[in-house]
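Each structure below appears as structure tokens.
After this come two complexes, each holding subunit A, first together with subunit B and then together with subunit C.
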Partner chain A sequence: MLLPFRLARPAEPVFSPTARWGLMLIVLFALSVGAAEAQTSAGQPGILATIWKWTPLLAQGFALNIAISFLAMAIGTAAGVPLGICQISLLPPLRGGSWFVTQFFRNSPWLVLLFYCMLLLPFEVNIAGHIVPIPGWIKSTVGLSLPVMANMSELVRGAIRSIPAGQWEAADALAFSRRQILWMIILPQCVKRMTPPWMNLYAILTVATPLCSVVGVSEAMTLTRDALASEARNELLVPMYLYLLAAFFVYCYPIARATQALEKKFAVK
Partner chain B sequence: MDFSPLWDWFRWLNGATGIKLTIFYDSFDRWRFFYGFLTSVRLQATCLALSVVVGVVGAWLQGARSRILRGALQGYIQFFRNTPPLVQLYFFYFALGYVLSVEGDGGLRQTLVSSFAWAVICLSLYAGAFNIEIFRAGIEAVPKETVEAAEALGYSRLGAYVYIVLPLAFRISLPALNNNLVNLVKTTTISYAIAVPEMLYVANQIWSDEVNVPEMMNVLLIAYVSLVGVVVLVMNKWERALRVPGYVS
Partner chain C sequence: MTEPLIRIQDIHKSFAKVEVLSGISMDVAKGEVVCVIGPSGSGKSTLLRCVNALVPIDKGSIVVDGQEVHDPKLDKLALRRKVGMVFQQYNLFPHKTALENVMMAPVHVLKQDKKEVEARARGLIKKVRLEGKESSYPGELSGGQQQRVAIARSLAMQPEVMLFDEVTAALDPETVKEVLLAIRELAEEGMTCMIVTHEMGFAREIAGHVYFTDRGVIVEHGPPKEFFSGAKDPRTRQFLSQIL
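Right after this comes the complex of A and B.
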């Protein structure tokens, strides 16, 4: 008999300690710093000192990445949940329309959507005579929240479909209306099922935020490149990029671990 | 076939409505957009194939006896899964690309690896890291008895892996694999950032030259959605054809 296919398997004990990966990155980083230090000519500040000098600026950029990810996740979730519910609507046009919107944004590359929003959204809006400027990072947040919305919609639809039909039938037998069944019986059960993939979606969104640098938002990636450009020292390239990669890793890896732990906890035995 | 009436219609459309679709009636723009499209497809196909190879080899190495090898592999997987692909690409192209360059004539540095090759390497490794986990899960779903039966028939570890475990595991993990491969096709657009002349990059050149941002943006979006849509359709068909009968995960 074939065994069940499980992606979220807890890591084997040999690999499990988080510290090991952190350590590996630090070793990699230290090696690159060491190698770069050897190339530093006399009279120049050391590699570590240079990186430390830029850290406050990079941290500001990274904070913007986090802010974009929070905001895009909030917008995407708020828009994606109703869209997902519409996908199981009994009205064919609503169902078909929401299916189309979901598939369209799920199938379009994130970067293309980002360009789309960046170039075609207005840079300022006129609200009752007041000119309100829309900064680039807001526009790119909207761009990122579109694919999040579509993925969220699919998550909701999948979760609702994964609830056994018996739940619907039992609620029906107890004379709940369709709306009541959805709100009081089905969706509460979906929340638990959707939490791990929702966290996974957040992690995916977070690693997608540097895309905003391509459309000119001053986030961590842009600032790293600016710092490298102003230093104009080639031996700085490897350590600096590794530093940024490590920052993202430190933020995303715990989320991935927590997702796995939750999946394990919620797994049906 | 003669397309000139069609091209003329788009030229008329520009005159009548101002919708400036130069990629249809301007042969220079048409060809560069077409080559951009081809580059995109070539990049996607190469990355798809290589990432599957990385996944298969990696999943096999995960069963290796050496702890160091397994540890290094796990480090690679976690690193690529939890860091932004764009930063990885920059790291490969600018940082490693600099390390792997030589002093050419006149003091200019010559890179040894082209931007297209860096995009292929980086994206294959990125998607490969996910594929390893997917194949691993598929391999674990193959029962021990099947492998033991293969061993009893005199298969070596590699032989049993190639002829018995992998074909079964492949079919089991196909839905998850498809998902990841579709993601890879979408992620190839980031190679725009290192000036690989794919569709997004070419479209950017065109809208800079012709000042037709909204038109090109819509063309681009439709082109990508159709491209990915075709991949999704083919993959789903394949998935249904290769489904293990009676297998419910």
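Right after this comes the complex of A and C.
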């Protein structure tokens, strides 16, 4: 998935699968199973039975997708928050530098960043005499955390700027230092504002994790392809991929709903 | 004659190319209450913001209690603990309760003992007649209540001067009274106050001296009785006739 290139004042991409979309997925899946069943030659196991047989393996792959999404989100958030704060720094080099880093990673295609990380990061590191291998999925996690970091940075900057100037002024008049104002008055108010878009970012990241299959990580997408290859039955193709799609929907739908609920709740106040 | 607590001499301030203050001078003695009136955009709010260095001046001199404000080496903390300010939009910290709002600056800026500050803060909340609202969040209070918390918050720093910037302009008429009452009580206790206001009746009652500003200069000033009944300048007269 490529994030569209955006110029000044971009709208945040919103990930919002609806219940109707879920229902459509189920219908599509049922239709594709029916169609595939019709193409199945006599003597071969049924479509649903075959999918069921592969489910444990696919679930294993899906667990890796979740792990990658968790880790990339954690790294991206941890790096993106300070980066976003640097974007409002009073020091021009710091402000300019963090702005550049943010824009660079925010407007680069995720897949390109992923390839860069796969190719540029070493496959092992030497830590105090111990050779520690870096598996591909860790490298791809780092790759995905870069755009997350950049998006997080923008979220933080936007949230800080959305706090009324009067808050800064009042705190200034009470002799708080700039650092105190930021940490005690501005950022605590930002947390609430940032939570829904932060969850939305997580959902977008999660549906982007199958990109890792392109660089050879054995996640759900890769394993689905492997399963299809070993079955060598063309009619399985559509139902299997729809099955994978449904798995992502089941995982992301509650997150999207929770995000919407939080947004509504905060909007009232 | 004693030195005035605030001495403002010929200050100038421009934003971009627009001159907002074009040579304003005034003295405010300790315990004096000064009201600044004038049409919108005449530089009243900017004048107040210059006194506590929220807005740096381009030219001139402001001395507050012996401290030159227009000084690159200004100790902002020392100045701002002496000068409290209350804003039109209250600007309470919405994620903190009323009590926490009042306690925050003394505890974190002045590093005073939390217990002592709490006792003082509770006293101040009582003083502005908000007993029982200590644990309410700003969003749960009316405009007038929020503004009184803001006054208490400012007083918690134990300032020597209070600046009020159109503090009733955003309020419902019913709640204006309670805020003005709180200010009046402060003035009666001898707090030095600079008040920018559109409440002419209030200014007439409370002020020791009234200044009328227009287009960045003081057009006319005097004790309220003479000012309101015998304004000489046509601009002042026109303004007063529109508002009274």
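We adopt the following convention: the second predicted complex is superposed on the first by the 243 of 269 C-alpha atoms of A that agree within 3 Å, B and C clash if a C-alpha of one lies under 4 Å from a C-alpha of the other, contacts with A are read in each partner's own complex, and residues count from 1 in each chain.
One rule holds for everything that comes next: a contact is a pair of C-beta atoms (placed from the backbone, for glycine too) under 8 Å apart; a residue touches a chain by one contact, two chains touch by 3 or more.
Computed from a predicted structure; not experimentally measured.
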item: A:Gln189 touches, of subunit B and subunit C: first, second, both or neither?; value: second
item: Subunit B versus subunit C as contact partner of A:Phe104, first or second or both or neither; value: first
item: Partner chain(s) touched by A:Met221 [first = subunit B, second = subunit C, both, neither]; value: first
item: First, second, both or neither for A:Cys252, with subunit B first and subunit C second; value: first
item: First (subunit B), second (subunit C), both or neither touched by A:Leu174; value: second
item: Partner with the higher number of touched subunit A residues, subunit C or subunit B; value: B
item: Which of subunit B and subunit C A:Tyr241 touches, first, second, both or neither; value: first
item: Partner chain in contact with A:Phe70 - subunit B first, subunit C second, else both or neither; value: neither
item: Subunit A residues contacted in one complex by subunit B, in the other by subunit C; value: none
item: Subunit B partner contacts - residues on subunit A that touch it in the complex; value: 1-7, 9, 11, 14-15, 20-21, 24-25, 103-104, 107-113, 115-116, 119-120, 203, 206-211, 213-214, 221, 225, 228, 234, 237-238, 240-242, 244-245, 248-249, 252-253, 256
item: In the complex with subunit C, residue positions of subunit A that touch it; value: 164, 166-167, 169-177, 180, 184-185, 188-189, 192, 269
item: Of all residues in subunit C, those that touch subunit A in their complex; value: 52, 54, 76-77, 80-81, 83-85, 87, 89, 91-95, 104-105, 108-110, 139, 150, 153-154, 157
item: Sites on subunit B touched by subunit A in the complex; value: 67, 70-71, 74-75, 78-79, 81-88, 90-91, 94-96, 98-99, 133-134, 137-138, 140-143, 168, 172-173, 176, 182, 186-190, 192-193, 200, 204, 213-214, 217, 220-221, 224-225, 228-229, 232, 244, 247, 249
